[in-house]
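Single-structure report; data block below.
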Amino acid sequence: MTDLSTRIGELRLANPIMPASGTFTEDLADVFDLSILGAHVLKTFTAEPRTGNPTPRVCDLASGMMNSIGIPSKGLDHFLTRALPFWARYDVPLVVSISANSSDEFARLAEAVTVPGIAVIEANISCPNVEADGRAFAVHADSTERVVRGLRSATDLPLWVKLSPNTGEPVEVARAAESAGADALVVANTVLGLAIDVSTRKPRLGNVMGGVSGPAIKPIALRMAYQAARSTSIPVIGCGGIATLEDMLEYLIAGCAAVQVGTATFQSPTTMQRLLAELEAWMMANGIRSIAEIIGTLQEAGDGVLSVDVM
Amino acid sequence: MSMVTPLGHGSPRDSFLPRCAEVSVRVERNDPVNEEYRLMVLRAPDAVLNCSPGQFFQLLCPVAGGDTPFLRRPMSIYGYDRAAGLLQFLYKVTGAGTRGLATLREGDMLNVLGPLGQGFSMPNEWRRLMLVARGVGLATLAPLAKEAQRLGRSLTAICSARSPELAMSVELFRDCGAEVIVVTDTDGSSAPEALRILIEDRIARDGVDAFYTCGSSRLLRLLQDIGARHGIPGEIAMEQQMACGLGMCQACVRSFREGDTIRHRRVCREGPVFPIAEALA
Amino acid sequence: MTDLSTRIGELRLANPIMPASGTFTEDLADVFDLSILGAHVLKTFTAEPRTGNPTPRVCDLASGMMNSIGIPSKGLDHFLTRALPFWARYDVPLVVSISANSSDEFARLAEAVTVPGIAVIEANISCPNVEADGRAFAVHADSTERVVRGLRSATDLPLWVKLSPNTGEPVEVARAAESAGADALVVANTVLGLAIDVSTRKPRLGNVMGGVSGPAIKPIALRMAYQAARSTSIPVIGCGGIATLEDMLEYLIAGCAAVQVGTATFQSPTTMQRLLAELEAWMMANGIRSIAEIIGTLQEAGDGVLSVDVM
Amino acid sequence: MSMVTPLGHGSPRDSFLPRCAEVSVRVERNDPVNEEYRLMVLRAPDAVLNCSPGQFFQLLCPVAGGDTPFLRRPMSIYGYDRAAGLLQFLYKVTGAGTRGLATLREGDMLNVLGPLGQGFSMPNEWRRLMLVARGVGLATLAPLAKEAQRLGRSLTAICSARSPELAMSVELFRDCGAEVIVVTDTDGSSAPEALRILIEDRIARDGVDAFYTCGSSRLLRLLQDIGARHGIPGEIAMEQQMACGLGMCQACVRSFREGDTIRHRRVCREGPVFPIAEALA
């Protein structure tokens, strides 16, 4: 028997595969049955309605894409009255992603979504488009600590904190989120980038800078997930550039308890369905009975060829 | 945020059945039709052939010759034939993605996702139809002409082009029993003021129940104006940069007039077809 | 007449194309005549000999590579007596890249290389492999300020400071380097990453983590170069993922006065030679007479389609 | 840090003339030679054909079928013929890069960089040569056999393989006038102790002036030991992960014994051929 389930704190997921916030809506039900997923993670929303950024909002890159969607949001009321009831039809843990401009607003919103039907609050403290020059709470340990502490006291739902790769102190930020009460870390959001159309000399995105996602950022997000897993004792959910079975296994081996899939779903909307089947087949072929036998099993580095203690 | 028009637009969620699929299909033909455009014919399974005119597919363009298109590229359905198992696209080679498409040869495989979006509506009271389009827009409107013929509507197709030899799909429209009028830049007949006279003249002579158009803001503004004057409704197929094509990413929003307010709608989901009166040029 | 020359402070370069440190040695003379380059930028060295990191030291990525070469160095003496004389045969400005573990060491080394034959000191305060967890001086503004101030007082040679993308405060760091006396900024070094071989469950690099370079990082480094150019008034030299004419133009349009080419030389050792020819041809074809007509000419963003002030 | 051996190794900088080139060449043939190996024949310009045995090229493997090799892949020269304008590689399909190579067909183009590195030396006093290799190592040593024939040296080639049918290049060695001895895992003759007896026997019977080998640490240790005992020098072609192949990146270093100290040398530049006595297994 192959057991695909994984534990994120108190919560047991049927399998470690879930969508990344902002890349998933009910529209995907046009393509496959969404009840197979480990969790449903919704697009970040804010308390007040917002319009998001000017177009163009996406562009192609050599090995991925960049977006400056921003956080268009229909607000809290719409969420509670319109979106929430839709998701109740699934027997899959529902993760709502929230964002706000201050710690207080964040806490108030967390409190407001602490309602039946919601299994987890994911705090997007890392979206690089919203704040000036891409700065966000998640850039520094102190601002992370402050916002997470506020969130923690506002809700008793499991609290996942989504980190940003646009930081110079990933370990300190991860530890700050843990010590402030996060139940799990989602690592990571998009990497801030810029692309220019040289024929028009204009930025390719309406918002000038945007967030890079897809295969191009996989080694960066994987590194950060590894750093977070190794330096905290709460579960880490890996996210960034996952498109293949190997990508997913890299995150699990690096120490992640589950993964989120974003951009790959745009290239191929059946990605998560395929990954689930491939993971099960791979585990069976390799005699691996549970996900726990994969998580955090990174081996020592080196090929033993080079003695580095000499010139 | 949903809006109600005769068919399709912004229908409530529950009317969406799992109805599109991601499939790898065989290229049967992929030949130039003129200097700029190519026609691609694919052998497609039934699962993706429940199409309606105005819908589109997202094509996973091959990586070729240094080009590395990453996101899928949206393409209107140029033709579909469920009985024969065929799907057609008419496309202009413009950048990395379409250059990749152009490298495909008979027997190669192409991954397509569709059909997507809301197509054109054709309520019973729309008997005398007028279609006005240019360039690639004519590709988008081609299956509409077939539908009009099937439903026994009369159709006038005004095909705009730089010069007469670049006017596309003229034969196809004629074969569907449409009256075809070619207007061109060369003789000045495609200019808005010339078009306005032409269209007003038709309205006066034969009557027009509805307009269909595509893309161009110049045509949109003209038809909005004429439509408002004469109380003639109509629909436009719009374009916008896309990532997912399914409604998930909100990349493809445009602004629409909805009563007194302006709202964003997703071209891939609520569209690509919208009421002419609501579109913002 | 097409004028390809560009000014970096007091220094005029014949053209804006030069190699990136660590990807260039005299060995490239096997392939083309090195005297065509705008400058010669050497591999970073340290005062004392060092061996560098264990193998494997490089690995392939989807759209680029990762390295953990480290800074194997034959030390100061070897540099002055063996390397320096070789480069004297070229009439091309010589840029030496130095690194050290402390501000004092850095300053001492800068002083020691303030000798005839050297046109510029490039301070690599950003190499992510050397310090624990990839941290480096260039991660924070205060540590940048301190080390650059020390360097500035130790030498009167032009001082280029090479920044790291592994920071959450790129603007503050760029400003700190400027205010501490840098004559130019090189933006940027590699992005810290990780890759795992899922069949052996080992890191692909002997040093576990490494620096990602090549096309995958171009939007990230370009964004940072743009941020640096816009927030300081000293010249910025762009670096990261440049392989094509368009890549180079993006950096120039974003505000860079010159560019460095690294990884692309590994894929195609004639890259810089080709870029030079392509730049000249492009300028002639577009009636552009000097590089100044390209630098910092980014236009306003937006396609005018979406009004964002509405819902 | 340079070392002096009869030819080539660590020569001072000035002996390096601009002598390698990056060129796009036409594939003439690319066929399987057995289950695991393929032979690729390229039509190459004179600029890259001034090769010597033991040198290698860096191949820019095509992106194909989901594989995206980025760095070039090092391959020993299996054959070169300046007069005919041909260059050959014998390779094993192992990962993304070589899978890409295997997709090439006659008429396709491949970008190659070379020739690179320092080849084997063959000083006058090395008259009776013995070559011991296995697998892909036999590819690396193939041009050495031709050189031995050209210079009139006697050559014994010990070809090791899993089973007799997998022993490669046997005909090629025979055609070069070498005495070929095939040892296999199947009959145990490839085991180090069996090999030792075989080699010691040859030394006693006919004499051996120098060894040549490739890659395997097991063979290296065996030949180091036998060489030390009998005072027989020799050379080994080594492998290491590479990025630039030209000497710029220091990716490809390995450790070597140099008198009492151990030093790093670049396989791509000081090597890939090194004195057997100095290599560290």
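Worth a mention:
As written, the chain order gives the labels A, B, C and D, with residue 1 at the start of each chain.
Definition applied: a residue touches a chain if its C-beta (ideal position, glycine included) is under 8 Å from a C-beta of that chain, and two chains touch if they have at least 3 such contacts.
Here the structure is a predicted model, which means the values were calculated and not measured.
Identification of common neighbours of chain A and chain C yields B, D. Between A-B and A-D, more contacting C-beta pairs join the chains of A-B. If each chain is reduced to the centroid of its CA atoms, chain A and chain B end up 36 Å from each other.
Distance between chain B and chain C, defined via averaged C-alpha coordinates, is recorded as 48 Å. We define each chain's centre as the mean of its Cα atoms; on that basis chain B and chain D are separated by 60 Å.
For chain D, residues that reach two or more other chains under the stated contact definition are 68, 240, 253-254, 264. For chain C, the set of residues touching two or more other chains reads 51-52, 55-56, 61-64, 74, 305-306, 310-311.
Contact residues on chain C toward chain A in their complex (touch as defined above): 49, 51-56, 61-64, 66, 74, 133, 135, 139-140, 164, 166-169, 171, 191-196, 198, 200-203, 205-209, 212, 215-220, 222-223, 226-227, 246, 249-250, 253-254, 297-303, 305-306, 308-311.
Contact residues of chain C toward chain B in the complex are 63, 305-307, 310-311. Residue ranges on chain A touching chain B, taken from their complex, read 22-33, 43, 51-52, 55-65, 67, 69, 72, 74, 86, 214, 265-270.
Taken together, the chain B residues at the contact with chain A in this complex read 1, 13, 16-22, 60, 68-72, 96-97, 111, 113, 240-254, 264, 269. Chain B makes touch with chain C in their complex at residues 68, 240, 253-255, 261-264, 280.
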